[in-house]
Amino acid sequence: MTNAVTNVVLELAPHFEGYVYPNEATQQPLWSVLIVLYPYITGLVAGAFIMASLVRVFNVKALEPVYRMSLLTAFAFLLCAPLPLLFHLGHPERCYEVMMTPHLTSPMAIFGFVYAWYLMAVLLLELWFDYREDFVKWSESTPGFKGILYRLFTVGVTDISEPAVKLDHRIGHILSVVGIPSAFLLHGYVGFIFGSVKANPWWGNVLMPIIFIMSAMVSGIALCVFNYMVLSWIRRKTVDMKCLDVMCMFLFYALVIDAAIEGLDWIHRIYSAEEGFQVMQYMAREKLFYTLSLGQVACGTLVPLLMLGLLQLIRKRVPELARRRMYFASAALIMVGVLAMRWNVVIGGQLFSKSLRGVMSYKMEFAGLEGWFMGAVLLSLPFIILTVFIKLFLAEKPPGGQVAGGSR
Amino acid sequence: MRRLFNMPPQVLRIFLLAVGIVSIYSIARYILTPSSFREYGWYRGAALTELQQRDPVFAGRKACEECHSDEELKLAKHEHKTLSCEGCHGPGQAHVNDPKKENIEKSSFAACVRCHEANPSRPKWHKQIVIKEHYTGSKCTECHVPHSPTEVP
Amino acid sequence: MSNTVSRRSVLGKIGATLAGVLALPVARTAKAAVQKVLVSTGAAKGYDPTKHKWVMAIDANRCIGCGLCAEACKKENHVPEGPYFRTWVERYVITKPEPGSGAARGETLVDCPEGGMHGFPPISVPKDEVQHSFFVPKLCNLCQHSPCVQVCPVGATFDAPDGAVLIDPKYCIGCGFCIQACPYGCRFLSPITKTAEKCTLCYHRITRGLKPACVEVCPTQARVFGDLKNPVPDDPIQHFYQNNRVQALKPHLGTEPRVFYAGIDKEVR
């Protein structure tokens, strides 16, 4: 740093170097791990939905086996998305204000509406129109509590004649088309929340929403790969290799675009070297070494790019088992890498002072609302919910003897 | 088959559900928006009056002058005339409300040093001394009168 | 079969909507009752915010770094103990360049021990290595295009008509977006109220004719305060604007701050 640092040791805040504004010298950054998780979870939702829409909108027939699972994944994760936000608010009991008096100049104000729209008008409706025929059939043939549940889900409509089912498919198709920009809005606005903060040079740039959207797609597709392979393994079924190959092809190309745009961001920053560049470079090298250089770049981007890229070139010569292992490893690495990316954006932006003269540290606590443990709970909750959904909606042997997610 | 609005039943149900949800939202918005909202802008107008209602802790120099006019006269002739009483004597509203000696601070050595310790960051026109070279005791009032600094006691 | 199901459910829903419409007076009473519970409506007003335009200016040439302002603010506004400051004083020390280096200046060292509340310890470099040194009091810059107000999702922080930028503590949800958006670091999240807090220009004082606490105790008139819509004879703020070349902080961000600084340096952020 050209401006040398005086190590001012304050009794209360010995964890920064250089000069930081007095209000920045807190023990924890204002937006901590909970705010890292929220974009991660909504990103997974958006990506899983795009995966599903590849089947309905772009007619990629090979991905049919994962269509319903992708939608259910998106649904399970979407249900958990508001939780980190709610836990983070200083006054969660006032959360309704965001929908009652939304301040339209704020990107955050759009949250309530975009979330409600995406949950109800896109995801739930698409799931319902896709499952409606099955709900009617299952409600007739399943006894007990499950049967009542299925009957509830039919909303009283029992017409499953051919024209009705055809209408369902058409509506589902329309919803998928509407869903794609909705998914971009759902996650793009989060990127814009950061991209709009001109006070913070790490956040406030025009590429931020695009980077968020692209990494969301990558993480969502990786999650679908992961879920599909884990589910097949649990059920001891053979993975549909064609489906997996196509999924990972899309994963590879999405990763290429994502890496290119993130790389562009870096190159531009380094090249134009604006005022805050010195302190940001110092912060990235010292404070974010593990999460940025190792986590996001090396493990989360370069290694999967190599593995997946190799498989695109010589797929036919690689035996199935090795391919499956490489796909699984890539998916897992990418998921960790995108989480690291969210960490680097959210926490990284708060680790240097707006005075551009100092850097702070962040030691995560274990317990407490913003600690390790809560983060782990919030990340595992969607998987638990997904398990329940799979048991209800994606059973191996559904009542009536039909294969769930069956052929169309 | 006669269908209301010519909509197939599954679409109709969803449509009515949507209408229901929007109505509930509109009603909730009407009830839960504070009444003084949008009085001056996108915020509760009542907040302005609420923020005005906190009690001051510092009284302000005029309040001191009401009772301590002789100190005021002394100060008026000398260098400290623009100083606030509460800068050296601490917050005074409690004393104004209940004028007892216990409710206000008597000033001290630390108060003098705070402003007059020599320091390269301080502007040159400001009177400052290197305390160690100037005086080794603990009561500046031995030689100086705070309310009329150029006077000798 | 599906006919009667449709008709019944639809008639039921129409009935429900009619009932809702007829219940409008009931809704109004309900709203009033809910308002009482949720958010109070405050007392009657005697002060008209549209008739004033408060502003502060900083004359850094006159600041002696005593820190009385930061301490007074903490006491006046019951600011929580710890790294929470509505106003603070920074010290800038610019050292002489290395002899023979061909540079105009040496390093710039900035510090702000506890907001400057208890004054400043001696500088860490010897006196003869100091080229310039000065103090800069900082506070909310009263932006005309406040980014903090722009990003509040619920309308809890706002530009009051009389120039102050205020926070409604009963409405703030504590999301922290405004704190992230302020380029000057003047906001913080109070650990006690769990809402955002910032300099209010001592709103409770200026609306009853007093001066903000920091202006009140400043011994050298480094902080200049006034009402631009109601100038007084010998108005210090008018003197300030007439007699000084001024700067604003971070002008490239387009926030249009109304707080001007006289006597600061290019190193001040």
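Things to note:
Order of writing sets the chain letters: A, B and C. Residues in each chain are counted from 1.
Quick note on the criterion: a residue touches a chain if its C-beta (ideal position, glycine included) is under 8 Å from a C-beta of that chain, and two chains touch if they have at least 3 such contacts.
None of the values given here were measured: they were computed from a predicted structure.
Chain pairs A-C and B-C differ in how many C-beta pairs are in contact, and the one with more is B-C. Of all chains present, the one whose mean CA position sits nearest the global mean of protein CA atoms is C. Distance from the subunit A centre to the subunit B centre is 44 Å, each centre being the mean of its Cα atoms. The distance from the centre of subunit A to the centre of subunit C, each centre being the mean of the chain's C-alpha atoms, comes to 35 Å.
If you average the Cα atoms of subunit B and of subunit C, the two centres end up 11 Å apart. Each of residues 97, 101, 103, 156, 159 in subunit A touches at least two other chains. Of all residues in subunit B, those touching 2 or more other chains are 9, 13, 32, 34, 37, 42, listed in ascending order. In subunit C, the residues that reach two or more other chains under the touch definition are 2, 5, 9, 155-156, 171.
Listing the residues of subunit C that touch subunit A in their complex gives 2, 5, 9, 82-85, 88, 90, 107-115, 124, 138, 147, 149-156, 171-177, 179-189, 193-195, 253-254, 269.
Within the complex formed with subunit A, the subunit B residues making contact are 8-11, 13-14, 17-18, 21, 25, 28-29, 32-34, 37, 42. Residues 1-4, 9, 12-13, 16, 19-20, 23, 27, 30-32, 34-37, 40-44, 46-58, 60-61, 82-84, 86-87, 91, 114-115, 117, 119-123, 126, 128 of subunit B touch subunit C in their complex. Residues of subunit C that touch subunit B in their complex: 2-3, 5-7, 9-10, 13, 17, 20, 27, 30-32, 34-35, 38-45, 47, 49, 61-68, 72, 75-78, 91-93, 119-120, 122-123, 127, 130, 133-135, 155-161, 166, 168, 170-171, 200, 202-205, 207-208, 210-211, 213, 216-221. Those residues of subunit A that touch subunit C in the complex are listed here as 3-4, 6, 8, 10-13, 19, 21-26, 30-31, 88-92, 94-95, 97-98, 101-103, 105-109, 111, 156, 159, 193, 196-200, 350, 353-357.
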